[in-house]
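Here come two complexes built around chain A, the first alongside chain B, the second alongside chain C.
And now, the complex of A and B:
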């Protein structure tokens, strides 16, 4: 079975990728100028030298770096990613809780930006050279040139500060017990960060979709379809959508990595307690086990996204399908 | 219907096509790509439109179908069976009464099975089966994708898209280049059969040899206009049987007639200055050829020619 062989090969490559991600993260942590002790022990709660030594010994800060990595990796083999130095909870638990928050945020943004990006791209291409197209293009270029955190700040200013429609920050209402938080509360807090992420994700997808569809509309087969009586929208529907699906899928699943990067910024702006927020904490506090865990998880997530896209290709394109069975 | 029986299937009068272009910044200019064409095709007839690349042959096909780009301006008259081809009429006739046979398999949607593509907007599954039957295409071919077709199969599929429509006018745009002689000849035979069934065929080609074998009349294109339209017999005889110096030079350039190249090149549409477009390369060129504003088509010995010196 060729598909099985393909998946097997890809999985091996995926494992290699994750090993590389962990190694690079580890090297970067070693090179970091941040002293985890100084980051943890703030000026407000000074501790004695004995206490410092105790903490350092507890964290294993004095152990040789490779030994620390070895410890973490051998623990990982048993499904344990160690204990977060900052949260003082198992890393798996920290990631699980925050990942759920992020997952919701990213899923909403992923679907919204994918859908609206695609629609805007198709409309712009179909109305190429008109005002509609120009408007969409200018909008996309503006958004694409603006940093995510800046757009986040603008949205925060307009909708939370001036209009007061949505909460300023956090993923749940302040001062409410965790058990009492409803789904409605969570969604309410999700709106602005999700909006920020979606808005920034749209432009990429819209611009690519637009260009692809313009290529299709200028193709020989579109000319021939017109010669056979198809109207512009019939050409878009019968030939355009199918032919731009492949690049759109590539882009959509490829955008997962950007979504991760974007969510770090968006979550920080909105103090939304998701994985991105935790990643920033882990980085600034130099929480080694937590940082390794997050790097591993996000690497895996992005890998699965790309793998999914690769598995979808043969379903869309018969030439790839044929290529796989004849390999 | 009387009118429809007597009128040619396609009757083109004084057709010109210009493109509006932007030069530098906002300065607009017009580029005349087809000038003053008169051409008619009757039912049962194959008219070959021959000429080198860039002479405007394909644009003529697109003009008849009404699928020129938006910046094109068309003037003159085109009639289909006596009915003026306005954009609305063209939109209605495209794919039903006027069919295009494209050049290559790249004109098929690469991700769509050929069966549904042959059916198009107006055809049915049964019609498609009949057409496949006629061209000896296996029923399973309908399930194939364009990239899985062999050259000969692709050719028959492309012709099928036109035949399924039952169109009276079939425009074949370069249907033979890149084909081996055998398949090319088979393809031309299909067009001959279609014409013999009463369809009008416009055969755009630069394969003049094949046109000799299968066409009824040949229209020679040069720099966006027709320089000579004559029965195929005149072209087979060649030499003095032809009326325009370019047709003669074209004939002499054929491998079997001496392979003599014509010096110079076809003028770029934007550089045309009135007079005869062939004047610069013509050995009979006189002042009249370059000073005349336009040179009209005239009937000489049963053919039409655009030349001051034709006798």
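And now, the complex of A and C:
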């Protein structure tokens, strides 16, 4: 009962946020000084004034902004996000195709960075004040301060250029038909961007986990457990993990927004055709429907991440569960 | 009598602190000097010194060109310093504006009633609901590419975290025992704000401001790298790195590694200043 109310409240808030995201994006793009016509019609293929007018009418560029927004929203309600000006395809189709690429990339990076970040954090805390701890700390600090795209470039340089183990760019082999691309090909092209995102995603969760576990290990009950004769790893297992798992899960779900930004950079470095890559294209070509669609999609993605974290709390933490029923 | 005892204790603790404190202060001062030097160098450097010189193209790093030269024979070291300086100034401006927004929002949320509070929190959620980079791309694009678009974008997207910190701090102090006592003793609101609340919020603000710099600088570089920020003719680290991508296969590693590493160094220096200041200003860790 309380859980239902809680879910309902969170959902309403989320929908409100998504609506605001759409409005903000639309206003921003409307205010932009770049003329989509100029961006679309390049100097290489000049067109007459009549053709320009025809294209503008076809895209509805002459309609007042409010009318365009209205049209877009009413179409959205029917599951139609309009047609991308640049790709000449329905936006939903463009997003669907590229989103799968991004999703694969982000899912792999998210799981890897979450797992290894957590493990590194636990190890660092367990071996506090030793060389292992110092090494992990320095690594995390360096990674957190380095630009993601630079790390990507370094990885590209070492593994693709020098060692030649992995392909230089793109999400699929060049010159192969889309139907002929196997899952193996895709995974092969996924390795480097995913590695970049995982390497950069580790630091935050590792540092956080380390700090939390150190707090736990210094607490009275951990000292008492040591006095009872438990070994360090027994203490970590019995008293540490349960306490540090919840903040770690929260943090990892909260980092989805950052992961999305990181994937834009990683996809650009590796020319991996995912949603981030398309977002950059849409931005430079001022493809309004596509850009709105991507902003909405990314907002939705972040929202789902936060919602999942909120819904997981009661499952992981008995205190919250108790609090809900006694509210 | 008791007064003298008090003084000797105070003196001895102060003396005991002295070494570590000085060391921390020295670290802060050192980092500060390097950053000022970079900022000043960028202004003083003559554009002619990184102009194309086609007789010395694609040189590997050497003593005359510490970072090598690119395919147009431009000295990469001077270009990098110039780019770092640009990043630094943008970061400085953007982080300052952003922190002012954060203070206004944070204080308003904590003091101006429930409705303002929930509105500002909603605004924070909204900004954090869109991935930072996408929002940044949009804002800097709308305002026209170039320096203005970038710093406005960075300034408008970086305040939420600091605003939350300041809101929490003000709320905690406002409801604390000594503020309630001061109010009961008849202190004016202004006096409470200046004497009791400010001393808590100001250190948080300064540390928060300095820790905003690295974010601002990194985001500026990222957005420039994607082609939404500074223009290609302006020397910026993001531009240098995006150009270097085309020369990776040609084995010109110095175009990528060295400018990126110096950007990393600069970010680390800011982090150092921020963390050291935090240690100094926080009473519970000032003696560590």
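Operating definition for what follows: the second predicted complex is superposed on the first by the 327 of 327 C-alpha atoms of A that agree within 3 Å, B and C clash if a C-alpha of one lies under 4 Å from a C-alpha of the other, contacts with A are read in each partner's own complex, and residues count from 1 in each chain.
In this text, a contact is a pair of C-beta atoms (placed from the backbone, for glycine too) under 8 Å apart; a residue touches a chain by one contact, two chains touch by 3 or more.
Since we're looking at a predicted model, the values are computed, not measured.
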### Message
Looking at A:66 after the superposition, I want to know if it touches chain B, chain C, both of them or none. Which is it: first, second, both, neither?
### Response
neither
### Task
Based on the superposed arrangement, let me know which partner A:257 touches: chain B (first), chain C (second), both, or neither?
second
### Task
Figure out whether A:138 sits in contact with chain B (first) or chain C (second), or with both, or with neither.
neither
## Note on the structure
Between chain B and chain C, the one with more contact residues on chain A is chain C
### Query
Of the partners chain B and chain C, which touch A:280 in the superposed model: first, second, both, neither?
second
### Task
Would you check which partner chain A:318 touches, where first means chain B only, second means chain C only, and both and neither mean what they say?
first
### Query
Between chain B (first) and chain C (second), which does A:187 come into contact with in this model arrangement: first, second, both, or neither?
neither
### Message
Looking at A:230, would you say it contacts chain B, chain C, both, or neither? Reply first, second, both or neither.
### Response
first
### Summary
Note: overlapping chain A surface for chain B and chain C spans none
### Task
Report the residues of chain C in contact with chain A in the complex, numbered from low to high.
122, 125-126, 128-134, 137-139, 141-142, 144, 214, 218, 221-222, 225-228, 241, 244-245, 248-249, 251, 253, 256-257, 260, 263-264, 267-268, 271
### Message
Applying the document's contact rule, which stretches of chain A touch chain B when the two form their complex?
### Response
129, 219-221, 223-231, 234, 238-239, 242-243, 316-319, 322
### Summary
Residue set of chain B touching chain A in the complex reads 62, 65, 67, 70, 91, 94-96, 99-100, 102, 104, 106-112, 120-122, 145, 147-148, 161, 165
### Query
Which part of chain A faces chain C closely enough to touch in the complex?
13, 16-18, 20-21, 24-25, 28-29, 31-34, 141-142, 145-150, 153-154, 156-157, 161, 168, 257-258, 260-261, 264-265, 268-269, 279-280, 283-284, 291, 294-295, 298-299, 302-303
